[in-house]
């Protein structure tokens, strides 16, 4: 089964100082697909996400989104084109309420004009979708706990009506129960038909959710395939040997 | 200060404090906005204020416009000057190093001061108001007040109310707040932060222009070097009110104005400017985050 | 080389050098000697209004003297022309020192004149003292310029009113004229003291005005008390809080000591912002064209202590001629007539007295010029003297007549004019209380 192509990363390299974080990586994401980016710590997964949302600029290589070259665009531009996501460290506007935080995404994250009131309604809707607690809707972000912040962040990303949702370690730092609920929400998002590119540490999460898995090690792609194929790939097993604890989780 | 100070004298001292406070509120709010969004201290803020005063002075003389209406011309002109300054100067050095930003805004002080010297000479000027000779009597506290003082308070309230609504209620206000609270998150949420820099700088300098016009209507304080001390005081006020806090700048500005007039009344006129440093040091020692500021998460 | 050749060569070289030196001295005509007067003035900074007036007056005096043929100096057996060298002290002590050193060392001036602002002049006079250059000070009002004890001030002369003169004239005017007027108009209980408030610049000049006022009230035993004493920083533009406190003290009059901009603006703010409707008495220091310009109609009925009434109706032929010449000279040069100020008048007189002293000395030797300035005796010019003569006392100070002027707003010409209201010998009009005057009894 072939679906239309949404994102295409071509020969992307990025280094910080002398350290190469991402090296010559190629991969593609098809529409309505859930793709997992895995690899040990420091493999360049988050860097790759940040290159796609244009937080970082790649040294070489091209990124195509819906057939358009986005390699020279800025974050706010690709956001309006439909790429949105969450970051590993919860990023919120501390002096705004949960609703205000999310409505920023509605107001600025997508093309077209939205009034402040419409944005507020939409924000409540999205917050409910991510099962954010009703009585914290008007709480300032700086007074929310980490799990609540993660939901706000997810809601912010969804509020921009993304075509491609980038998720960076949504379960990291959460308790077991919170983690399970986060995965449930991702399943719900998937049902809406949103394409997802997710970085995840925990193999179990990837195995259960993804259509395709890409494995990075030291900035290079070492494997790509269905979860099952990847799990049996020798190179992957080798690269994970040093981090067996992560693999076994 | 005589201990048997009468109520009307006390009221008047408070009024002088609040009127100066109005000017400081306008000046500090602009400085605060620029700092909030760009994380840059615009040391040349006082010069934009004086430049705004001169624009109003020119417009009121050559176009014969009522000085209170010339504020709007001044807001427009200085707003554009501010936007261009951001685009041409600050955009280039923003984020390179703090030192570059400081040197740039210090350099702007001299460029603007010299430009003003060439255009308007070093002579002190005052904008003359058509209501110069009108006073209003308040029976209850038995004081006479110059009408212009009431207008200055009124204009400040209107401008600050407008500014507050802009920041709190409008779409662009949300974008400004988002950018100042978390620049990278704002960027990832589709906000063009470079546009926000330009807009905030222009809006901040336009507020300074309002302050400059009102100052020049009340006092003969229009000369090229006149901006230095008020800018320093505005900086003290935003530290006092809490960096980045809009309410902090308003409360801080009024409180500072009151502190200044009380200092003159209690300690003597020579303490007027010294009080700024005293407050700055005191706040930095006792509550470095200011009255309305909080530690960054 | 042979010894003889060496000898011839040496002799030849020595001969060539000797001949060239002789030829240099013989052929070089020394540049024509002129009398070089160095003017120390504040052309920039807060004192620039006063400095510009001093400069204009000095140029006028020098032009007049040269037009009349210059100054006869017997040592040269002919008349020498006068050249003016100008040094800008930038109204700052450090720059004043630099300006005076440059006038002495590179411009080689014979004598110095000028010097505005007490603090600046106390610094800038030091190079003149150290190099024994006669200096006639025409701006700074502190008596210390000739009375300081840390330096030998024998080459220093003070040709202007000193702080003591201002305060003496003002307290006498208050007692002689204001107090009886208030009593006559039923504004004051004859038994009580006149209530005076003071608002002064926080520097040697302003505080000096306060100290001397207290001293004269006590020494002369006058029924005046100082009910409020407030200060402001140099360069201040907002005086409202101080004026409010003064208003609370219910004074009969306010004596204020500032420079042009400060004094005119504080009167305006007192009347306009604070509503303190009283008599404001200014000191001559602020008497420049800008003073009247800034005050405008707010100056109506207000008071100025002076010794040069540039806006008063004619009280002296010399002053009338000077004002006419001054205004014409600067109208020709700059397109519109400029009204002369007080410190320019001092400077103008001082240049004439310097030239007279040089003529008496018959030489440009600085010590002899100093002696002749010390012994000068000539008719008064613009500044009126108590015995009609210009002479210096043992403190190297003059004995001028200061008077009190009352300003009047002429609404048809939109200008302030002044009339002398004290002392009686010069009085042109009677002092009048402002129609909206308020004090304790209002």
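For clarity, chains are labelled A, B and C in written order, and residue numbers in each chain start from 1.
Methods note: a contact is a pair of C-beta atoms (placed from the backbone, for glycine too) under 8 Å apart; a residue touches a chain by one contact, two chains touch by 3 or more.
All values reported here derive from a predicted model rather than from experimental measurement.
Student: By the document's touch definition, which label belongs to this structure's chain graph: line, ring, star, complete, or other?
Tutor: line
Student: Centre-to-centre on C-alpha atoms, which chain is most distant from chain A?
Tutor: Relative to chain A, the chain whose C-alpha centre sits farthest away is C.
Student: Hey, how far is the Cα centre of chain A from the one of chain B, in Å?
Tutor: Centres of chain A and chain B (C-alpha means) sit 43 Å apart.
Student: Based only on mean CA positions, could you tell me how far chain B sits from chain C in angstrom?
Tutor: That pair's centroid distance is 39 Å.
Student: So what's the Cα centroid distance for chain A and chain C, whole Å?
Tutor: Each chain reduced to its C-alpha mean, chain A and chain C end up 79 Å apart.
Student: Give me the residues of chain B that touch two or more other chains.
Tutor: none
Student: Can you list the residues on chain B that touch chain C in the complex?
Tutor: 1-2, 5-6, 9, 12-13, 16-17, 20, 122-124, 126, 132-133, 135, 143-146, 149, 218-221, 226, 261, 264-265, 268-270, 272-273
Student: Which positions of chain A touch chain B when the two form their complex?
Tutor: 53, 55, 74-76, 79-80, 84-85, 87, 91-96, 100, 103-105, 107-110, 116, 142, 156, 160
Student: List the residues on chain C that touch chain B in their complex, please.
Tutor: 44, 48, 202, 230-233, 236-242, 244-245, 247-249, 261, 265, 269, 272-275, 290, 294
Student: For chain B, which residues are in contact with chain A within the complex?
Tutor: It is residues 169-171, 174-175, 177-178, 181-182, 184-193, 294, 297 of chain B that touch chain A.
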